[in-house]
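After this come two complexes, each holding chain A, first together with chain B and then together with chain C.
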Partner chain A sequence: MRPTLLQGHERALTQIKYNRDGDIIFSTAKDQHICAWFSHNGERLGTYHGHQGAIWTVDVDPTSTMIASGAADNTVRLWDIKTGKCLKVWDFNTAVKRVEFNEDGSKLLAVTEMRMGFLGTIVVLDINLDVEAEQSNEKVMTITCEESKAIVAGWSYLSKYIIAGHEDGTVSQYDAKTGEQLDNVKVHDLDITDLQWAPDRTYFITASKDKTAKLINTRDLEVMKTYVADTPLNSASITPKKDFVILGGGQAAMDVTTTSTRQGKFEARFYHKIFEEEIGRVRGHFGPLNTVAVDPTGKGYASGGEDGYVRVHQFDKGYFDFTYEVERQARQQQQQQQM
Partner chain B sequence: MAPSFDHLPDPEDDEFDEDELDFSDLRERFEVQLEQGLDTFVVIDGLPEVTEETKPKLIKFLLRKLNAVGRTREDSIFMPIGDDGKSHKFAFVEYSTPAEALAACKSLDGVPLDKKHTLRVNKLTDIDRFGREGRIDEHYTPPKIEEFQEKEHLRSWLADPSGRGRDQFVMYTDDRVRVFWNNEKDPPEPIVDRQHWTESFVQWSPQGTYLTSMHQQGVQLWGGPSWTRQKRFAHPFVNLVDFSPGEKYLTTWSNRPISIPEEGHPALSVDDDGKNYVIWDIETGKPLRSFANIDLPSNANDEAGQPIKRKIVWPAFKWSADDKYVARLTQGTSISVYELPRMNLLDKTTIKIEGVMDFEWAPATPHREGVKTYEQLFCYWTPEIGSNPAKVGLMSIPSKEVVRTLNLFSVTDAKLHWQSEASYLCVKVDRHSKSKKSLATSLEIFRIREKGVPVEVVDSIKDTVINFAWEPKGDRFVIITTAEVVAPTAVPPKTSVSFYCPEKVKGPGVGNFKHIRTYDKKNSNAIYWSPRGRFVIVATVHSQQSFDMEFFDMDFEGEKPESDKDLTANLQLMNTAEHYGVTDIDWDPTGRFVATSASIWKHTMENGYHLYDFKGEQLREEPVEKFKQWLWRPRPPTLLTKEEQKQIRKNLREYSKIFEQEDADRGASADLAVVEHRRRLLEEWMSWRASIEEEVKEERAARGLPLDPLEGIIKKTTEGEDQIIEEIVEEIVEETEEIVP
Partner chain C sequence: MSKLSNRPDWADDEELDDSTSGLPPSTTTTNKDGTKTVVTWRLNDEGKKVKTTRRIRFTVHKEVVNPRVAERKTWSKFGLSAKDGKGPAADTTSIGENIIFRPSTNWRKDAKEEKTEAGSMKDKLKDKKVKCRICNGEHFTARCPFKDTMAPVGEEGSADVAAGLADGPEAGGLGAVKGSYVPPHMRNGGAASAGDRMGGGKYERDDLATLRVTNVSEMAEEQELRDMFERFGRVTRVFLAKDRETGLAKGFAFISFQERSDAAKACEKMDGYGFKHLILRVEFAKKAA
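Presenting the complex of A and B:
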């Protein structure tokens, strides 16, 4: 795999997102701008300026028209991808840790931090995908997390549920229309650090500080698979086309100086999604991996580290050829049946 | 308000009459018991029978002993003579103070008078108290004999239930002690798992029968198939424990002297008060004898002028190979050899050896040529004293005969290395040059089994030897040398590893030791021979920078280099491995596997273990948080005779065929199980995907949404927006430079 090193950020990466076509990568870091890059050569397309604090999160709508971002300056901003113009600013009481568009780009959710006496919330906003149109100021719905603050959240298939991962290791399922909590299941021992979707949003993967990642069924929050790592995890992603998952993590940044670089375990780990077995690792970062993202077309992935770099990898032939004997047999059977 | 004394009553004003108070309860508790008149008397039993005529002679003889601990006179000894004119074999003795009488009981009791008679000394008051009429039942009541109860088989583990002859090991992590069967590549099979089984560490007995756990109250031994407690040795605050090689006896040591509480101690007696070492009989669980630390005045002082505490030498009590003797060194003066099970000094005296620095028992019963009588050997060395040379001596026990000495000059230090079968003894001698500036090492090898114990010197080594190891049951050895011995620095010194073996000779006998090969520019500092010989690991442990391990074969079956054709070895580096932060390397007792581990006792980085086979192929690797200890369970010596072993070796091919078949079958079935498991997982996944996809499709249809959520919006936004992007590519085919004149 040939990695492309994207050197544009001055501080630790916080999130990376591919657009739907997989040709543009958006990245946010604790410095105050968002970068957009061409995924195939690592050329920088542009930056988005305006935030006044560490940017925690970014998401791109399904049509690659707009991006939304959330930051420590207590705002969510909407940007025009093409022009870099800030289309809208929503103000909140506390920092925004996660934003996500729903599957048709008509809604945006934002997860706010619990701080200064405010409880953590999940807020839903209406989005008009026309860049010329006026965006609504109204917060359509607010879910308040009274027990444990939400760290990450996302929209399920059909925008039916909102799923949130909490600080106490639980995962909640909310009705996306009413905001009513439908279910809450304890799946991890420690904080959930990431939640990413399968392409059709019927299941998702959570990463946790408890050194595991879990594959969870959206409908009934059943844990289907568990991937055990030997280091706290910051991010996990599901690969399309191939049945793998990618986990990223490493010794927490504050502990790194007290341990040898060897021990940091700053590697992206590949596991087989169904068999839960580790397949391989990719080295390169010299700080913990804060975020991993997979190209929705399945051609590559990108990882962002505490070291301030984004490494973009294109999968090579070996990756696509790798199959378990059992998988090969199953495929042959399928082909025979079709014939 | 500030505190003041105003409110306190003035002691001067306070009027009360002391007589009015009732002190009787206090008086009862604290009143000093006045010595009663009989406390100065002792009774001596075990005397020879004498008549009126020979009595004065005995008394005179006795007085010499009695006066060693206190003051008594001839007329203070009363020896009653019976009607038949013969004494009753006992005497009363009056000392001048009760303390002396007590001292006499402590030190003279059990002292042998001659071959036949041993003194028994007791206080008269004790005899009165314990032996008075009525205190002892006149009628004999037979002691109740407990019903015989079958004990668990302590060696049951040797019969591996899976029939594969696997080995067990104990792993101590965090506060859990677990024992496993080694399963090579597969995760080890747990046997027992207990929290807080020990307080500091665990230890196997030398033949693997018992697992030792350490507690504040003492030592406990565990064993048998159900891991029940077999024995308990209540040595309070015990720090270290050491077994005799035959598992008959046990030494425990605590840095705190034993203090026996008022109400007594379940196992130890008042005599053990103030002692640090206790030697126990494992079978009975009873203490045999206790000893205090020997505090040698240290000649070095630290910066603050305080004498530097010497590190304790462990084991302080060294066992002979047959469990019959145990000996302790008093550095500089003597070696005390005790006979078991009575724990009395051999021939009642210590062996005086002026200047003696160290000694070591032969690890096996030696067989010297021409010596038919039973003997155990130990070797010792003494430094140069005045104009006398340094000496290495071999002493035979119980005869105390020095069977061989060797004089050495310019000796800085010497280390004694026995070969495991006591066939050879290598004395590693560090010599200094005349200026005392440089050091060099020579190896003096005693050939114990040959007539007259000849000594061969290997003095071709120019550097200092920092490590030496004999091949177990073999005659080859490995040394690690370094050019400069420097104080511990961050950069470990460069070392060289050299291999030696005997030359080939015609006929029986062992040729001279010859150098095989040296590997330079290493960091290695440790040598680990396989317990069966032939294979050896040279490793770097406890280092911050390098963690390499090299697996060597001394009898490589491939081609032998021409230069080595006269040697009895064919050295080959088989494999190298690296284990980050390795602190311990442990061969299993059969020499098939090696466990290397990084213990939290030494550092906190990547604690855990690796498992290798003897060839250096890694089988397993497991990081374990708070990993402390890994110990293979030792095996007792084989019960097969030499002939039977030879027979097995001869037919090894046939046996191995069976085992290989078994291994293959097991591997195949395990593989099959894995494949089956995967197939099931895949099927489950596929069927779940099919059902959920169907469900979502239906739900979309029901809501009137397109199958792809984006179809609608993309159509809207992309209409008429197709663009043609032109890219102009300039390619430079050739560049030439022409200089126009």
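Presenting the complex of A and C:
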């Protein structure tokens, strides 16, 4: 496969998101604009300007009309995808590290940093998906993380729960209506750096600095699978169509200059989702991977690195053809039974 | 429009030069093989005319997409990309080098092999001892006290090893008589040493201790074969046929040993040896016709 290199940012990438149809990629970096790209050819649709600090996070609503972004300038902004216009600014006390729309795009959650005497919070905002409409100022709900600040959070299936990953390696489950904490399980030894959903949001994958990624059930926070890597992980993603997960990492940015690229482990790692076995790596970045995102249609994936590049990959035939011996056998048996 | 009428008067040259009207119009011709030749003219930064000839083959690639996706493709660009033309802009989008990504359960093993190849020379030589070719002592041949008085162990001279390491057998003959050209007939006439092999004798020497290895994996590397066969004795030459374009092995190799007895041993042991999912077939090389 021939990756497309996108050079829209001057600084390290922080998050990449595909829209639901998989045709547009949004990327944020520590420089102060968001880029939108067409995934099929890497053409840049445009940039969104307005943030005054490093942008940590972006998310796109399910209808691809708006994106939300959170940045170190203590704001969450809502943008019109088509025109690049900023529709709304919400101010917070501290930097916003993660935003995510719920499944129908009617709500947005924002995870704020613990700093300057403020505790880390998860804030829920109401969103009106009409570009013309006035957005409400009100913060519908605020969950305060007293024990350990949340780093990542997301909406479960049917917007029933809010799942958050914390700095101390715990994952907690909150009731999305009341904000009450229902469950809190320690799954990782170190900070959780990423949390991404399976297409139906009944389970999710977490990546952690403790060099593992875990597949966790949404309903009871049971760890279903563990993927062990040899480097701290920054991001993890579940691929649709094929039963794989993609992990991205590499040693901390501050150690990068003292080690060679070969040792740096700046590769996207592919694991089999069920067998927990590593099946391949994709090289290319010359810095740690900060974020990986998978095309929801399963045709490709994009990775963003500390080196400021986004690399968009379209999978080729070898990827789709790969199956385990047992999978092939099972399929054959199935066919025989049908006959 | 004829070329003459299109050309501006010499007197107008100054003014017209920096406007595009001074440039010949771009032409597009369709070739027989279905390609198109596009000739365009532009002015570069120094004000000189630049003719660009491009041969383009158009392939129409149709893709059915969701109407919403199709609609989004028509959106106009904004922000930093507002001034970009249609299609990916060269300053933000480029195509990376081709990456071969084939998921496999034993990728780790493959990667390890790759790594050992790339491993530093130091690692490779770490557990190899220096061995004098003249007296088998633990020093370099050049430092051997018997250098001038004794012939090397085995009748082949030092040039032989050099030949093995160099890219071909041809280098061998000349290695001995460094620098000066020796015509072929003189090489045969000389003392029956290195020069002998150069001409007709080349295959004779090789054939005695050369193994032909077939059914070699595509992914094999010369060094791996060398490592494998070195267990049986001194290997003077490893030749692995590779495809010029892809760099993949073609499936056969020749291994020359210094001693025929080593070769025979290797032939016996390695025939049927499993290497990278394939079973090697090892036999003595036949004389070239």
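Throughout what follows, the second predicted complex is superposed on the first by the 331 of 339 C-alpha atoms of A that agree within 3 Å, B and C clash if a C-alpha of one lies under 4 Å from a C-alpha of the other, contacts with A are read in each partner's own complex, and residues count from 1 in each chain.
The rule is simple: contacts are C-beta pairs under 8 Å (C-beta built on N, C-alpha and C of every residue); 3 or more make two chains touch, one makes a residue touch a chain.
Since the structure is predicted, the reported quantities are computational estimates derived from the model, not experimental observations.
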If chain A is used to align the two complexes, do chain B and chain C fit next to each other or clash? clash
Once the shared chain is lined up, is A:158 touching chain B (first), chain C (second), both, or neither of them? first
Of the partners chain B and chain C, which touch A:219 in the superposed model: first, second, both, neither? first
Comparing the two partners chain B and chain C, which touches a greater set of residues in chain A: C
First (chain B), second (chain C), both or neither: which does A:24 touch? second
Considering only touches as defined above, state whether A:281 meets chain B (first), chain C (second), both or neither. second
Please work out whether A:38 is in contact with chain B alone, chain C alone, both, or neither, and reply first, second, both or neither. second
Does chain B (first) or chain C (second) touch A:48, or do both, or does neither? second
After superposition on the shared chain, which partner residues are touched by A:82: those of chain B (first), chain C (second), both, or neither? second
Does the superposition put A:8 against chain B (first), chain C (second), both, or neither? second
Thinking of the overlay built on chain A, is A:230 touched by chain B (first), by chain C (second), by both, or by neither? first
Where on chain A do chain B and chain C both make contact? 324
Can you name the residues of chain B that touch chain A in the complex? 580, 605-606, 623, 675, 678-679, 681-683, 685-686, 688, 692-693, 696, 699-700, 703, 705, 709-710, 712-714, 717-718
So in the complex, the part of chain C that touches chain A is made up of which residues? 65-66, 68-69, 72-73, 75, 77-82, 84, 87-89, 91-99, 101-105, 107-108, 111
Quick check on the complex: what are the chain A residues that touch chain B? 20, 62-63, 65, 103-105, 129, 157-158, 160, 200, 202-203, 217, 219, 224, 230, 259-260, 262-263, 274-275, 324-327, 329-330
For the complex, which residues does chain A have touching chain C? 1-8, 21, 23-24, 33, 37-38, 41-49, 64, 82-84, 244, 270, 277-284, 311, 313, 315-316, 318-319, 322, 324
